[in-house]
Amino acid sequence: MMEAQKILLLLLLCLNLVSSLVIAGAPPTCAANLDSKCADSDEWKGEFFPGIPKIKYEGPSSKNHLAFKWYNPEEVILGKKMKDWMRFSVAFWHTFRGTGSDPFGVPTKSWPWEDGTNSMAMAKRRMRANFEFIDKLGVDFWCFHDRDIAPDGETLKEANANLDEVVALAKELQGTKVRPLWGTAQLFSHPRYMHGAATSSEVAVYAYAAAQVKKAMEVTHYLGGENYVFWGGREGYQSLLNTDMGREIDHMANFFESAAAYKKKIGFKGNLLIEPKPQEPTKHQYDWDAATAANFLRKYGLINDFKLNIECNHATLSGHSCHHDIETARLNGLLGNIDANTGDPQVGWDTDQFLTDIGEATLIMLSVIKNGGLAPGGFNFDAKLRRESTDVEDLFIAHIVGMDTVARGLRTAAKLIEDGSLPELVRKRYQSFDSEIGQKIEAGKADFEMLEKKAMEWGEPKVPSAKQELAEMIFQSAI
Amino acid sequence: MMEAQKILLLLLLCLNLVSSLVIAGAPPTCAANLDSKCADSDEWKGEFFPGIPKIKYEGPSSKNHLAFKWYNPEEVILGKKMKDWMRFSVAFWHTFRGTGSDPFGVPTKSWPWEDGTNSMAMAKRRMRANFEFIDKLGVDFWCFHDRDIAPDGETLKEANANLDEVVALAKELQGTKVRPLWGTAQLFSHPRYMHGAATSSEVAVYAYAAAQVKKAMEVTHYLGGENYVFWGGREGYQSLLNTDMGREIDHMANFFESAAAYKKKIGFKGNLLIEPKPQEPTKHQYDWDAATAANFLRKYGLINDFKLNIECNHATLSGHSCHHDIETARLNGLLGNIDANTGDPQVGWDTDQFLTDIGEATLIMLSVIKNGGLAPGGFNFDAKLRRESTDVEDLFIAHIVGMDTVARGLRTAAKLIEDGSLPELVRKRYQSFDSEIGQKIEAGKADFEMLEKKAMEWGEPKVPSAKQELAEMIFQSAI
Amino acid sequence: MMEAQKILLLLLLCLNLVSSLVIAGAPPTCAANLDSKCADSDEWKGEFFPGIPKIKYEGPSSKNHLAFKWYNPEEVILGKKMKDWMRFSVAFWHTFRGTGSDPFGVPTKSWPWEDGTNSMAMAKRRMRANFEFIDKLGVDFWCFHDRDIAPDGETLKEANANLDEVVALAKELQGTKVRPLWGTAQLFSHPRYMHGAATSSEVAVYAYAAAQVKKAMEVTHYLGGENYVFWGGREGYQSLLNTDMGREIDHMANFFESAAAYKKKIGFKGNLLIEPKPQEPTKHQYDWDAATAANFLRKYGLINDFKLNIECNHATLSGHSCHHDIETARLNGLLGNIDANTGDPQVGWDTDQFLTDIGEATLIMLSVIKNGGLAPGGFNFDAKLRRESTDVEDLFIAHIVGMDTVARGLRTAAKLIEDGSLPELVRKRYQSFDSEIGQKIEAGKADFEMLEKKAMEWGEPKVPSAKQELAEMIFQSAI
Amino acid sequence: MMEAQKILLLLLLCLNLVSSLVIAGAPPTCAANLDSKCADSDEWKGEFFPGIPKIKYEGPSSKNHLAFKWYNPEEVILGKKMKDWMRFSVAFWHTFRGTGSDPFGVPTKSWPWEDGTNSMAMAKRRMRANFEFIDKLGVDFWCFHDRDIAPDGETLKEANANLDEVVALAKELQGTKVRPLWGTAQLFSHPRYMHGAATSSEVAVYAYAAAQVKKAMEVTHYLGGENYVFWGGREGYQSLLNTDMGREIDHMANFFESAAAYKKKIGFKGNLLIEPKPQEPTKHQYDWDAATAANFLRKYGLINDFKLNIECNHATLSGHSCHHDIETARLNGLLGNIDANTGDPQVGWDTDQFLTDIGEATLIMLSVIKNGGLAPGGFNFDAKLRRESTDVEDLFIAHIVGMDTVARGLRTAAKLIEDGSLPELVRKRYQSFDSEIGQKIEAGKADFEMLEKKAMEWGEPKVPSAKQELAEMIFQSAI
């Protein structure tokens, strides 16, 4: 046993050194007390992205890879500036902790500013890179997990101290304009969370997760973050055979209640957001999709305390179009934020690609416009470079095409709205419900006996064409 | 236009003749006024299934295809007779209106008692066949759609009269023991319902559907039915481009409210059940899965008026295991009935096969036992012969293997419960929550500050193995 | 038994009347000797599409639903007229025999020229409608199944006579310009084919199928058809438990050998095309995808006698992008024709929608351009109106948006090729293989010992970025 | 740039330390020159699995988790010992290099013999653990990747030397009975292979891969391995936009030709096996499924030089049942080996679970029996513990349940064969082809004219029931 503990210690020590390289979507947690061999405590000198200018709008005819063709931040569309419709955010974990590793391969990226450690010095250097990136890209928001931006500690206390130190630097670097779209706690990578965090079978893990969320909420608030997100990567099961699903979901509700209470306590005004995902890493996650999350919130009386963060690739993995899940969130009064990415329709896992499909972007923007925008939410680029994309400029190219796609979606949606023929087609389909009897039905005043009488009186209903192909033609013509 | 109307009339006339052959899962509706050529008004003489004896239990070693090997109705398992755990029901539409047609092929069945018409005489003859089948199979329940058991009429009034006449015969044939597990209205086959019934864009269709449900509820009540089911085959959309999803779902809620009110009015005591399905025929149905239906019921204040009818093949089409969706229904207090069938894991549509997988049946029965049984619900065989199975005896073989499979699931589940090692494995996983702090959490009395203090105090949590492979070994050994 | 036969006869009789309404994708076969009640032997007078003009090109800014915005037949793109790149074809079965029925619903269309029968008179009237449609749409090709264009007979001889009579009319109506892109035999709807045609377990069915293909090949040849297609809708299995897959596939090879021999015998010069599909109606079809079909052709020595007809919705059902399966066919020298349609990425069955995605159309056209066009193949619109689209003009709108989409794909592909940066990006990725050693490898002259020596000599290889996001940016910018 | 290189070096150094922990299915490659802090050069003392006895057969009624209930190695079934039907093999990578990491989490396993390094000492210690495990489990075979069993080197030469040293130990530990079922080269984890190995866009990577396969083939041969496997994890594409698929597949063929030539040169008599997989890690792999691999082998004239290794979870990911792909391999004369695992039918990635489904195991064994066994192939457990299974005994439990499941499949299959009613059902289905005309067709001597004559003569074919439900009943009764 002594032997085993010694080995575990060694193992954890080594883990510290390289765990940051392990997982693209989910950088693990590491202690900062690195030995001198790997650590590089020097502050980085000079620019991180020396060849890259501030990205400017050059219009659709530009061939410049490092320019926007469709996103023109100050341009007013449907009465609002593009940047206010979009509220684009850079995801720290993908952009600065993504390594290109996957279940069958080790990291492929070797960014010039990385020294391969998870030291405090490296954490600070990365934060500087982050803000240079944000500045050059011209966005106002960023998103982060606690353990991505600062190294873990050997104790929770140490981890918190590390986090405070990095957050202080971030606060300073943010300036007056930039702030987090949202912060969150990373509750899925560390082995302690293997059975879940709020839904772990171990009470001590539940407590640990609570402490971590408490702290993450505090620093998000401190940084002026506008939302706080819960993604339950491990809140689910691998097999129902060894799982007490009822008890686990009850615990999840207890956890969320406490989170909502703590938010009030510290005076954080931002939205609390649940991010649904059907599966991966677990076989089945409890926040499967927007409707499942809504049911959970209603069941436990939390419906007014939370909204949803809809991620497109999560929606498609759950069998819905992205547009569907955004609409479901909207119709339940829960549309809080969008994680703008896309999946591969022939692939059964989360590929987190940058969205490049103009049609899909248009559908998304039609919903966002109906919602009156997303604020205090926005569009977070929860998207990563392909493992094989290893140039620093690829980071910019990917964000530019992602931003341009959403921008083009907004322009197309605006065109559709201004043209009016598509909305009119929909309005007319339902006009029979604008009649007296229709209004009665909608007011809940039409009982079955009255309706039967009407049905007898009216005879066989006339049912017109749904004109779907015409709707598709109008839609496509706007692109 | 006159021309078109004439043609439409002719078309409807012809439809009457053979529409009953068209669709296995969904026999269409037809008027009874057949011309003399096709109709055969004689009552059927003698037995429908002359070579088939009453199906008896012969035990696992029997090689008799027309005997039960595992289902022994009067045998007591875990304190209850098998037949009371099961409450098996024959689905009239698959067994007596299923024709073997599919999207690429015309009907293949030619049962000796069928004359190819949808006449009243034929409807009555079929009803006699149904009760002989039920008697020989030894079950107490049956399920039906209104338009399956009686021909449609040229007017709603005529359709209702047809229904009444056939229902009167069914009442007589039922005797004292047999009754409907549930009845329902068929609101998806007729062109009038192409845009939905409760969610149609046409108010007249909404009214027509209400009238049809009103009548179907009345006859279900009259026949002593124990539940009433809503399957919203067309309550969904083909494209969001031409759909006002919000307005449609509001209408669906209005409709269900009226249904619940009418149930009370007529004194029907059975459960109202919603049957979720993710898609097919529509691209996206509003009752996608158990959680989605639960959210809908909660949102509109209907949660105490409805329960769910979970169909295994629908669950798997929505990306869940059947066991998962049954558990989700159970944990939401909504498990009302099970449509016992199965799909093909490599096929993306509803194959409605008879369940033959013992493992799956065991998981289902573990949930049913936790639920204390399903009554007043039961197991309805919403399952059909393959298109290529064309012998009359195939109808019996399929039901026998389906019943034996569920029975074997019950026996295996009982074995697991009596052995105790699997439940014990699960109980022990969560025992840390039986501690004082665990109890506080579960009582909603543990705030983040207290939990943080505990986390600091406890240090790194110990997290044991989940023992999934052991659980699988125990599970498999019981089969 | 006499009873059963009588009933079967009655049943078949009734079937004749309405079977044409049953199945959208697959009109069934019926005898022409209709009784006077339903039949309408009068020839149709006047126009079929009175309000619809000849469809003209009006350019992208047109708002006219009945005009082309992108398809300008005589315009030259990359050295070839658009119409010669496209070779668009109307699918008779979807456009003139599609009824809107689906597995859960009866027909919804009631075209003014239809009298609800499957009579010879109706067959001829429909053929006239077909050619008016083709003329107004401005295409040169059509595709047909034998049993769609002419009623089945009580005997094969009668069926052949019916077919001859309708084909004679078609020949006359075709004029000098229009001809079939391909013909085929419908071997999946009739009950006799329920176990397959060439792979049926019954030798008499094999013979019947052979006779039907023989005749269909003859009339395709007679009409000047440029290809002949085999889609094996029932050539597969529902369960391996009752199937001798090896024997069935051997029979399929025997069948195709005889078909190739008969083609030579009658001097038909067109291509024989196999159309892969993974499943539906069967659980598993033998021509799963392009690679599977290619393996079959190679195994049985048929690789030089057949090419493939790739259908986009079939490709996506088999887990590939449409682009992938087209490229697989092309790289195996087998790209013969494209069935231009699309599926719903969240739906697990063949939806046969008209393609409206510009990105997908562009990818398809990139392959077609690499292939030097498709002639003697082309683009067949194996696509159907949604069940809920019931206006006559919807038939035109759907084809127009489908044609415009492919046309826009061609324009975008041409832009990408003329711009050159995407092809150049690809060329450069592989340039290390243009080296001496690369050439040796490609010539099959580099053995492992030589390569090991080189690997030792070269040390760790340098591996550049794949630039996928840049490729996506360039691609999207061209749209 | 100097900076970047320095960082890359540091990064690689750190990688060495812990890369072994990174990826369950795919341990990465590392140099052995570890610093003294992490390395532990001591040989391991005593037993690795002290509490675990030799696993014995105790029969179905045993409740002992560490005993076989169905696998009785010396028992004769259908004329052959169980162990000779099975030829079970332990997969070194999952069992000894699997760490429990996944795309969202770091390693969870801390086996007592692991010191967290990838040193030579550790490699040897692990090899000793491997052989103790094999001995206690009672199997005769193991499978390995080169880079799993020995640390990578800074140069290929050093890596080869490391491999030789570990292989020498393995040879010694193997004794006279144990040997590799197969060996293989790991060509997917290292960044150099990110664009593929044989299909990399870089010629130097192609050469490196050739050198690695050459060496792996040599050591497999030296150890008495009975097969050599190629799994092309990176031989595919992420996007067709930046890929020259034709050139890549040509390169793959060149590579396989050289491999077959080198096999002959060194006198290796074992089978070369290609392992199909549809996707993951790449979006699309070139060896998609059995039929795709067969087409590739035929196209390039390699059909006699390779067989296939079918993995169940890969088959289901490609849209087939495992049984289907095994049968496809068998019917193409290519069934060489089976990777015995299973996936989750609701999950879209490779879960590599131990097979526990008796029905699936029975289907597999029906094919294996038809194939006359698998030798020189066998059943390799390409299966891993769930991430949450962290006890040493879980390794045994998982293998035991996996072996018992396949053994139970054999027993059930034998029962079905001895009972005879299922094979007889199938034989009778096709008996019409045993007629004179059937024999002519099968001999390729039936032309369309002769068949048409027969069809005319015979009239409408009689088509009997396919009896699928009966087949399912018989199948299930045998379990």
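We call the chains A, B, C and D, going by the order they appear; numbering starts again at 1 in every chain.
What we mean here is this: contacts are C-beta pairs under 8 Å (C-beta built on N, C-alpha and C of every residue); 3 or more make two chains touch, one makes a residue touch a chain.
The shown structure was predicted, so the numbers you read here are calculated from the model rather than taken from an experiment.
Note on connectivity: the fewest steps through touching chains from subunit A to subunit C is 1.
Looking at subunit C and subunit D, the chains in contact with each of them are A, B. By count of C-beta pairs in contact, A-B exceeds the other of the chain pairs A-D and A-B.
Centre-to-centre, using mean CA coordinates, subunit B is 41 Å away from subunit D. Chain centres here are Cα averages; for subunit A and subunit B they lie 38 Å apart. Along subunit C, residues 191, 194-195, 238-239, 279, 284, 319-321, 346, 386, 388, 463-464, 466-468, 472, 475 each make contact with two or more other chains. Across the interface of their complex, subunit C is touched by residues 3-4, 7-8, 10-11, 13-15, 17-19, 21-26, 28, 35, 37-38, 40, 100-108, 110, 112, 114-117, 188-191, 193-195, 233-234, 238-239, 279-281, 283-284, 317, 344, 346-349, 351, 386-388 of subunit B. Against subunit C, in their complex, subunit D makes its touches with residues 155-157, 191-192, 194-195, 200-208, 210-211, 213-215, 238-247, 249-251, 254, 257-259, 261-262, 278-279, 284, 288-289, 291-292, 294-296, 298-299, 318-321, 323-324, 327, 331-332, 363, 422, 425-426, 429-430, 432-433, 435, 437-438, 441-442, 444, 446-449, 451-452, 454-456, 458-464, 466-468, 471-472, 475. Interface residues of subunit D, counted against subunit B in their complex, comprise 60, 63, 65, 69, 316, 319-321, 345-346, 354, 356-359, 385-386, 388-391, 394, 397-398, 400-401, 404-405, 421, 463-470, 472-473, 475-477, 479.
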